[in-house]
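Note that subunit A is present in both complexes that follow, paired respectively with subunit B and with subunit C.
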Partner chain A sequence: MNRVVMQLTVRGLLGRRRAVLLVLLPVVLLALAGLVRWASGGNLQNSVNLANGFALGTFLPLMCLLIGTGVIGTEIDDGSIVYLLAKPVPRRTIVWSKLAVAWGAAVVFAVLPLVATVEIAGDDGARLGWAFAAAGALAALAYTAIFVALSVVTRNAVIIGLLYALLWETVLGGYVPGVRDVSVRQWALAAAERILGDQAAAWNVTSAVGLTPALVLLAVAMTGAVVLAVRRLQTLRLTTAD
Partner chain B sequence: MPGTEPVPGPPEPAAPGAPALAGAPARADDVIHDIGFRHYDGTRNGRGWVVRSLLVETVRGVFGLGRPARSKVMPWALIGILLVPPVIIALSILLTHSTEPPISYTQYPGAMQLVVVLFVAGAAPYCVSRDLRHGVMPLYLSRPMRRSDYALAKFAGLAISLFAVLALSETLLLVGALLAKLSVGHQLAGWAGGVLTVAVLALVLSGISLVVAAFTPRRGLGVAAIVTGLLMVSGIVQMLVAIADQKGYATLASYLPALNPFSLVDGIAVRLLGVAPTDNATYPAGAPGLLVFTAVAIVTVGASLAVLVRRYRKGGGV
Partner chain C sequence: MSTLVLDGVSRWYGNVVAANDVTMTIGPGVTGLLGPNGAGKSTLIAMMGGFLAPSAGTVTLDGTSVWRNPEIYRTIGLVPEAEAMYDMVTGWQFVLANARLHRLPDAEGAARAALEAVEMMPAKDRDIGTYSKGMKQRVKMATALVHDPSVLLLDEPFNGMDPRQRLHLMALLRRLGEEGRTVLFSSHILEEVEEIAGTIEVIVAGRHAASGDFRRIRRLMTERPHQYTISSTDDRRLAAAIIADGAADTVDLTSGSLAVQAPDLGVFVHALPRLARDSGIRLLDVSPADESLESVFAYLVAR
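Up next is the complex of A and B:
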């Protein structure tokens, strides 16, 4: 990893308008958690619905998409990546540095708000908090790696990423049950299910896959994404901004 | 802005002896200058033609026509995704011998919400972000076109494209239903309602997404901001409705869907056409509900246009 690349990435990510979205969305989520608390008085089922359905299902992928495309996609888009690629820094190092920043940002802007949402909306001791922290962290790791790879591979990273994160599982998964097994969210939920133990079924925090296959699939997806990103960055073809 | 605004062209050095440009009477509507090399005696199409060309180019560009092949992939892939369900629905009517399509014409855009959002989010930054980013706005504005014309042409272009896509899928639903020999009159009425609904939806979505795109000159961020905004609003409104219901504010819960473009349009359709709502949503009963929802739609479109026009009042810089 390269400290200068990381610093530049952080500045690119948090500078200007993207940062507004990165701060605004968690704030909205926390406000929503406060409302849920006020409406249901800490009812655990409502808290789980908010965390599982909205925070983990929509908010987290969106944040990871914003971060993942923000760390490298904009540079490729406006062509300024050539100045970085022209330096004697291995492409491997560039990808890892950018991924490290993306993961850090995902933890700060997506996973912590997710845990705070659970705590605000209602928690059983800290069990729900831990469960969703584990699920959120795993999902964030995989989503950011995939989205960084996507933004190296294609200029339509945002749209393809969303089609996968939201349409794939919710719509296709409804018709073809096997599709649900190939979903980052289901893999991450397996961890939450294990932590919650026998209460998982009662709170409807269930996953389509077991814990071991889920972790293996997560690792495979992440490794694949990183390898793909490095390889495509080694042979990156710059196209004119469209 | 006044109607006979002089062309805000590039700063012309006021060389003595040069053809008097600013002073030429009754020639304010064209910019083919006679600078002494070659005369032009053909027709001068003027402002209306500029706007028309801009609109046509916008509509073509949204579908990737006249752009490189990789710009055609995304819009057509999304259109493909939008057109598949009507085929499946037609097949399912045939197989189950039902008398009604499983999803109504007005429910269809709501069910395909994500794809519609992605389509408009991909198209809106194409329409405005590049012109801002590459600094070509001064070139446009040096034509006999007013700044508001530019904004309105882009808005109309995007709205027409979105409407065309949505209306096409509605029509495919109709064709499927008719091929399955459902009652013609009933289906035609449903289709007309659906087309009206998607027209309103196209206007509202185009307005909102163009405003966001006009303030994000970077294309990637523009796409992300529009998608994130629309999807988050949709999710948040659902949660708010559930919360309001739980606390017993039934009236508030019925008016809240007006904040989400898709349920706003659905609400108008439900109250105006008397069709079944999407996802069993409840909308305010009777005329006040229709009035409020319609007013919100009109205000949204109007405000978006006003913001857009204002955005282009101040120069064309990034």
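Up next is the complex of A and C:
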């Protein structure tokens, strides 16, 4: 990893106008959590429904999409990535540096709000908090890697990522049995299911896959995304002539 | 001292050929890559800078291929055409970051020297987003110079510069060339190129159309046949008079008006009014058929 690449990436991620969304969306989520708390007086099932449904299924992938495309997609779009690429720095170093920033940002702007949501809306001690912290962190690792790779592969990363996050992960991944097996959300839920133990089924926090295959699939997805991003960055076409 | 060699380089995007079998050697000194917009200059520079794979042929820097070889950036400094930089950092921070990415032993000293070379020290602490186009261009230049490269590639560096900045950059490029660096810049303006470039490579429609010093290129461009479209009260009789006088070697009446091709501009423009008056013909319209740079270049290619 390269400290200078990370510094420039942080400035690029937080210095643009879209950074407002990174704050705005968590505020909306926390407001929703407060509303649930006020309406249902800390009912655990309602808290789980909010965290498991909107927060983990829609909010988290959207935030990771914003962050994943924000750390590299904007630079590729406007061409400023050339200043990083025209340096004797290995491409994998650039990708890992960008991913490190993306993961850090995802923890701050997505995973912590997810945990806060559970704590506000209602928690059983801290069990739900820990369960969703684990699921959120795992999902964030995979989502950001996927969206960073997508940004390097295509200039339409935001549109494709949005379709993937909303259609595949939220709608299909929630209901269609076959799709559920290959959904980041389901893999991440396996960790939450394990932490909640016996009560997982009662709260309807269940995953389509077991913990071991889930972790293996998460690792495979992440590795694949990183390898793809590095390879495509090595041959990134940078010209306005086409 | 470094030399860039393009050997039979072609590049196509689908059916569009952006560079067609270009072979050239770019050595120490200032070389101008001249051609109209869309001729493929940016494509060639992208291939020289290792940002685009040639569809055929090879680009080598001192014998090693530049494609997928980030090590070349120790030798090459690149000034891209795209204006986008990191708007939210200051000029100083950005040039310093570039120096650090090169892992220079004295990054701050190198950044200062680069910013001094482009006279941007006074404005170094402002955000890049607040810079004018010319100032951005100079900061881009500083990022390319920061590691003291022996090869400098600049894509349309004079775009957006005011006359004073233009003169300054010209002096800087000339000095870099005199220091023995290999400096290549692209432009679509002949005057810019002949001002500072020792060697000129002309690119038209993806093809390497001409190569040489500016006198040779200038001669090729001015001593070409000139074409005029004329309408008069009697085109047919005027055509006969022009041919009989010998002021033009081709007259063409097929397009409805009179098209003339004259080998010598001076002789023709003096002969035409005299011929018209002597024949009692009134000239209604005389216009050069196409004096655009594209047609000048097209002539070079067809030659």
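Keep this in mind: the second predicted complex is superposed on the first by the 230 of 242 C-alpha atoms of A that agree within 3 Å, B and C clash if a C-alpha of one lies under 4 Å from a C-alpha of the other, contacts with A are read in each partner's own complex, and residues count from 1 in each chain.
Going forward, contacts are C-beta pairs under 8 Å (C-beta built on N, C-alpha and C of every residue); 3 or more make two chains touch, one makes a residue touch a chain.
Quick caveat, the model's predicted, so the values are computed rather than measured.
Novice: Both complexes share subunit A, so when I overlay them there, do subunit B and subunit C fit or clash?
Specialist: Result for subunit B and subunit C: fit.
Novice: Can A:166 be said to touch subunit B (first), subunit C (second), both, or neither?
Specialist: The answer is first: A:166 touches subunit B but not subunit C.
Novice: For A:4, decide between first (touching subunit B), second (touching subunit C), both and neither.
Specialist: second
Novice: One more residue to check, A:78. First (subunit B), second (subunit C), both or neither?
Specialist: both
Novice: According to the stated criteria, A:28 is in contact with first (subunit B), second (subunit C), both, or neither; which is it?
Specialist: In the superposed model, A:28 contacts subunit B only, not subunit C.
Novice: Once both structures are aligned on chain A, how many angstrom separate the closest C-alpha atoms of subunit B and subunit C?
Specialist: Minimum over all C-alpha pairs: 8 Å.
Novice: Do any residues of subunit A touch both subunit B and subunit C, and if so, which are they?
Specialist: In subunit A, positions 78, 239, 241-242 sit in both the subunit B and subunit C interfaces.
Novice: Note which residues of subunit A are touching subunit C in the complex, please.
Specialist: 2-5, 7-8, 11-12, 15-16, 78-80, 82-91, 234-242
Novice: Enumerate the contact residues on subunit A facing subunit B in the complex.
Specialist: It is residues 17-18, 21, 25, 28, 32, 35-36, 38-40, 46, 50, 54, 58-59, 62, 65-66, 69-70, 73-74, 77-78, 151, 155-159, 162-163, 166-167, 171, 239, 241-242 of subunit A that touch subunit B.
Novice: Taking the complex as given, what residues does subunit B use to touch subunit A?
Specialist: Residues in contact with subunit A: 67-68, 70-71, 73-74, 78, 81, 114-115, 118, 121-122, 126, 130, 133-134, 215-216, 218-221, 223-225, 227-228, 231-232, 235-236, 239-240, 243-244, 246-247.
Novice: Provide the residue numbers of subunit C that touch subunit A in the complex, in ascending order.
Specialist: 13, 16, 18, 38, 40-43, 46, 49, 51-53, 68, 70-71, 73-74, 76-78, 80-82, 84-89, 94, 97-98, 100-103, 143
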